[in-house]
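Note that chain A is present in both complexes that follow, paired respectively with chain B and with chain C.
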Partner chain A sequence: MMTAITQTAPGLGWVFGKSFQRMRSLMLLFSFLFLLAMPIALLIIGRDNYLTLVSSYNFLEPVFREQNLNQVLWPLHLLLALISLVAVAVLASAGFRTFYLQNAVDRESSMPLGSNRQFLGRALALLAAFCFIFAVNAAVTFAVFAGWGKIAHFFTYSTAYLRLFAATLELLAFSLVFLALSGTLFDAVLTCVGIQFAWASSVFHILGMTNRLTDLETDILWLLAPAARLFIPILLPVSAWQSLVMIVFWSIMAWFFYKKRPAEYAGVRNGQLPWYPVLQPFFVLLGGTLLGSFVHGLFAGEQSTLRSPVFYMGLVAGALLGQVVSTVVSGKQLRKTKIAKEILPILGGLTFFALMTGLVCLCMAPAATPW
Partner chain B sequence: MASETEIQTEEKAQILTADRLSKHFGPVKALDRVSCSIEGSSIFGLIGSNGAGKSTFLRLAAGVYKPTAGRMLYRGQIVYENARAKQEIQFVSDQPFFHFDTLYKMSKFNRSLYLGWDQALYEELLAIFPLGENDRLDRMSRGMQRQAAVLLAIACNPSLLLLDEAFDGLDPVMRQNLKRILARQVADRHLTVLIASQNLRELEDFCDHVGLLHQGGLLFVEELDKLRLSIVKIQAAFPQPVTESHLRERGLDILQFRTRGSLIEILARSSEEEIHRVLEELHPLLLDVLPLSLEEVFIYELSLKSYAVSDLLA
Partner chain C sequence: MFDLQVKANRVTASLVWRKPAALWFLPLIFLFIFTTLPLLSERGFWPFTTHFFNGFVLIVMSLVLVHQFFGFIHRMDRTDFYFSLPSNRPKLFAWLNLSALVHLAGPSLVIMGLNTMLARLLPRTDPGWYAYTASPADIWISYAGLLIRIFYFFFLLEVCYLITEKTLTAVGFFVMLNIIWPLMLFSFSDATSQFLPGFINPLVTALEEPSSWLVVLFQLFSPAIFTGGLAHHHLPLGLMTLGMACLAFFLFRARQAGYRSGGGSANWPFLLIQWMGVVTLSLLGGYAAHYLRVWTTDSEFTPVNLSPVPFLIGTGLGFSLSLWVFNLIGNKGKIRWRSLVAAALAAALPYAVWLSIVMTGAGGFSTRLPEADNLKRAGIYYSGAYFSPFGREESRPFLFELTAEQDLALIGEIYRSVLSPDNPGLDLPRTLSSKGQSRDFVRLKNPFILPYGGNEIYYPHLPETHLILETKDGRSCERSLTLPLYANNPDYLQLLRQNDRFFMAELSDYAATDKFHVAFNLEVAPHASAEDKETWIQPLIAAREEDYYPFESLMQDMTRYIALSLREQDDRALAGLVAGAPCLIHISLELPPGSAASGDQPAITLPVDPERVPGLRELIEQALEIFEMVSIDPRELGEDRPVFD
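And then the complex of A and B:
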């Protein structure tokens, strides 16, 4: 029946090779953009201009020196961070796009490859792509600085560069969690961005209304907003170890959700998936804090936020609004949902707010001057 | 070394077994405790209307879906997450997906993935199917894409081929070609084909066995020849009045008895020889055996189970 088997069964290497091959052109595109943003930009600026600019703006120098940047490198580094952000979204989406098409899932799930290998192969291909992008850019930038006789500048900068690389991988691993959970690519991107925005915005508001300081270096603020960690290190020190720990954590989570993901999720809006209500409290929290702060600012700005009844009215109204918006945007049909099921995330979000406010007040020192 | 008989016996053994298989999508029971076995080297037709559970059954057989309950076994092993089993199974869904944009690239892709890939068979099939190896797959018609998917699947030399609405969108010539190709693969390479369709007529000259799915349950599994031979439709005319009870007294299992003037139309569960023998004793003026389509057989079989067949079949 079967022809003689002379080759070995395809495994992790096969999946890695095929995934890497598919994202090769995008990888080269982002490599080019990186080169444009750093070494080519440096060449355009020129050695003399670079040295002049680096030595002249003293008022900025101490801040950037701490972050291993200088007056020329920090805007270029910011560009790299922006490109990294886009690269994560584009490459991760390209690597996992077949998750969201039923016919593609039919094909891939029926292939003679286990789900572990399929996930690992793709994830390693993404890792290899980013390693390539960062390595090529680093090599060319090194060559530029070496040519200028300023290798010390490169080595000083390399600390910031490595932090950016770690933050990029952290964001990538975080994105993989939502790519594994979601039923459509649109929902994966929306939920990933939404959660980060909801978390960071809510925490900022809570810090503001409780008049607390934030220690950005080790703050849990960025745990659910890894995109911010691409940019924060430009101004303030952020622990690279936190990035490394979170890379491992999110990667394991993503793998776990990938293993558990049923094939029938493909093409289904997130609002119709059973896990979605677990995430809705984040959006309830966002809606509540945003509207509560807004209303408080409009009508009772002179009062302390947490003692203002107007704030709490806005908080509840905002919580309801956050729940409705997150339900509608996720593809869940409002008229078909049961009221009881919608109330739970609202209560969850409000409880979340209470817990976070309590934790912040207990664990953080008040600011010397009110925000 | 196994003898030819032993090999044939092994090939004919149950290649696919559904054991109290259920698949639920939330509150919807797409399949509910389905149990059946499919013999090797045969063509099994899975019939059912939209939403009956045919595609779900095929996806469970291909290892795409994980069963909610029960098991789907390929040669005695669970299919789901079984890479070894999937080396021998090919699934062609109703909307094929191609990782690459030409047949040539897809053939290279499949060759690297499937250990049983047969390049000679691929080239042989390419000569039969009217497809250009370097034509863009995404610009082909639905029917041609389906042909391409079937071609690639057969060239992987599977033991089990799962086809979801394979003939949909194919022209009559291509349908016949495909049936001929599959029949040859079954005969020469002991391929087993499981084909899902809404259309009984499409499968009746092609399948060895048929099963009828309805609302997630398997109502009916039968060998096609046995099914056809088990029911006979006769048109007769007699010099004297003949009633249904006359025939029943003579031992015939009458399913339907209709009179149109002097003509009598009888549907009986009997062999042709038996019914001839019984009716000849009544000295008929006219005695014709009428052709019976598979659909009519189904109608009568299922009417015994009180199902309205118009609800079940397309």
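And then the complex of A and C:
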């Protein structure tokens, strides 16, 4: 007698399970690192030392109170932020590793699974991994504080902890955009880091040269640098709602790019993908502002930056260099590209600079005392 | 046949030399921006920018070029192509390396040549600035040292490519080696010196500049860290580079097209890194836990009752974590218990042996010092001796020896007072804070009341003393200890009183300001010439009357320099110099209020004689110039005088 075996087509649960399994051991490793950085460190410090330290005066006292931290939790929280940064890079890479292998992509593409489920399964697995890491750490830290009879300390700290969790998810969602867009894992990491650095550095320079840099609270500075949001809330008040909005925004973008991604992208360097020139103005902007400021500082440091011809010479040369370097680094061979195609991102970057500078000058009041 | 061979060689050469132009123009542009442009704006910038940016570019380009020229090793199709070229392996190796090294050093050499030419052509804008900057010849000597180190870096990376099966593995192995090797050397030598008070950390307190063997040891697996100064050690590092090139050649010749390093026997590059990583991270875990406990303990001094438990917990956590991470890396994200146990045993055994030695005090290493009556000679190494800008031979660190019996008895008393059973740093089991406890034991035993602060008690920050002891039966030992060489210690004061040369050696050291305070008095000798009186003696005396604080600083520098220059003179020669000097400086040590010591204040008279002490005239002239500038009345400023805000 034959028993009929009912085979169900793989669904969301299957993708989730596979992805979760792939990153399980790394998830446990990062959970251990979180435990080391917070509850185990607290146990090594000891209750008496902890209480003595938190009752003593510190010059950062007002900042600690505002950010729901104290002398002991502040450095430990900073460590957690650093580990979160590494965890996002490692776990997201592990979750999307097969995405860049041609044979794995072919196999996944031939499965009876839509790209929506594939994306959702992977994204949920990543979300589950981070929820697990943060929840385990919170539970053990709670147990330590409860054992010390200081549960109130835990509840005060939990606001800062939740902000860190939100910032981690924002960075994760931002990374998913580049993981979905890129052809190789190396390029995904490089582009994700490069864009954040290019944005923060360029805006920092533009705010500085227009005398608009009052302090680091300027939201525009961190708009495309979510990695910084892990650390900024330690010193400055940052709205958690802003993080939640950005999580939704980047997740929708990542899902959109994932859906539109052709299977042929796997293993191809970013420089050879059609969307890459759209990002290059960011690198042009970075090269231009850095070199412009550098030569201005060398040859005309006493003049106002925006009125100095030397700055504009450096800006153009830097823009050109930014374009060339970003082209070479992304794996595109210069000799195979047309000059006209290379000039467009440079013009785009320079226009971007003019627009940004104009907008900053129009919309922001000059700083009374430069930062 | 001959034509065919020539043609084959030409094909290989053209293949090897045809590389993207970006490999030349990107480093050229980068170096032009960061070294030539600053040079054009201010000529004096060149020595400060050249090595940093050249080093950075050369390191990045080494990584790029090794991949460009030897990346084929990890691709089966490309390896087949290269190894089937009509050229034998040695020739292929030579062509590849020659082309890679030309691409590596070429842009940098072009910019160095351009900068040298510009530095000669450009006018000097601020003459004073250039007196303290390196000359072009010095810059080129250092640059040669940089190139040798970079070539070693290049060949070591090439070897990593040749012993691995994937580019990621090769680069990962190389990077890990560069990080873990120096970390391992530093952490173990430092931890040993912390567990065993007196142990001289060879990496920090070398007798002179880092010796060649130390530089070779560091550079061996971490060429990215340029130790020993770029201007030195060219020969040993050149030989190392040659050796590494030979190793690369043998590996290249023996490399099979289908090579897999982990395929056959053990994957030894990974095992080596794993072993180094596990022992280092275990120790660093111990450091982290121990200092977390110490630094969060509310105490101004190193806590007395310290348990070794936090260190052991940290070691255990570091050990587990590093084993876990390496196992995940080695087994592609999965735990393999068999390899984990083997790796754990390989790392745990030597670590446990080292730990048991240092925690038990290494058989009395810190406490077994010779008795004073058994001493034949005691040397004190002065590493912080005064450095004169008018560079003389005397401005170097030196070793001062005590040989007289009464001196040896006193120094013996001084170091034996540290070996007291009350010293918590000598308790067992030792901890990472044993050295700190021993230091604070000496500090706490030597308090005094601040002269200007009411009854405030002050604990001096005494420097470590490097002692070299030789016994009558020929044994010798070296220790670095915090000794009570301090103004309220009667033995120390007696030693200063009875040995002028020791007093001079102490005066020459920068650390003297932590040990005692002295009063200066100038005396004009009757036979001083009118010119001397007018040019420097009277201005010096006037300086004292005008403003005491700058004067004291001038006197300290002058005293250090004279004491350093004349420290070899015996009592008779010194007396002769004092008798013939145009000016004398009387130095007397001020006893701290409330100190245990009593009796006469140690005092010494030194000759201020620019004719007999080379470099002293320049020192005095410079000092008087500075004094004039800092003590100038702003209301008297003329148009030509500099303004100091």
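Note that in this section the second predicted complex is superposed on the first by the 356 of 371 C-alpha atoms of A that agree within 3 Å, B and C clash if a C-alpha of one lies under 4 Å from a C-alpha of the other, contacts with A are read in each partner's own complex, and residues count from 1 in each chain.
One rule holds in what follows: contacts are C-beta pairs under 8 Å (C-beta built on N, C-alpha and C of every residue); 3 or more make two chains touch, one makes a residue touch a chain.
Note that this is a predicted model, so its numbers are computed, not measured.
Partners chain B and chain C fit side by side in the overlay (superposition on chain A).
Of the two partner chains placed by superposition, only chain C is touched by A:Val295; chain B is not. Residue contacts after overlaying the shared chain place A:Gly114 against chain B, while chain C stays out of touching range. Shared-chain residue A:Val325: touches chain C; no touch with chain B.
By the document's definition of touching, of the two partners only chain B reaches A:Glu264; chain C does not.
In the superposition on chain A, contact of A:Gly13 is made with neither chain B nor chain C. Measuring from the middle, so to speak, at the Cα centre of chain A, the directions to chain B and chain C differ by 110 degrees in steps of 10.
Look at A:Gln333: by the touch rule set out above, it reaches chain C but stays clear of chain B. Contact with chain B, but none with chain C, is seen for A:Val105 once the two complexes are overlaid on the shared chain. Superposition on chain A places chain B within reach of chain C only down to 8 Å, the least C-alpha distance between them. Judged by the document's definition of touching, no chain A residue lies at the interface with chain B and also at the interface with chain C.
Within the complex formed with chain A, the chain C residues making contact are 20-22, 26, 29, 33, 37-38, 40-42, 289, 292-293, 296-298, 310, 313-314, 317, 321, 324-325, 328, 333-335. Against chain C, in their complex, chain A makes its touches with residues 22, 25-26, 29, 32-33, 36, 40-41, 44-46, 49-50, 52-53, 56, 72, 94, 291, 294-295, 298-299, 321, 324-325, 328, 333-335. Remark: chain A residues 1-3, 5, 7, 9-10, 14, 18, 98, 101-107, 109-115, 262-264 touch chain B in the complex.
Of all the residues in chain B, the ones that touch chain A in their complex are 11, 25, 59, 62-66, 81, 83-91, 93, 95-97, 99, 109, 112-118, 157, 159, 189-190.
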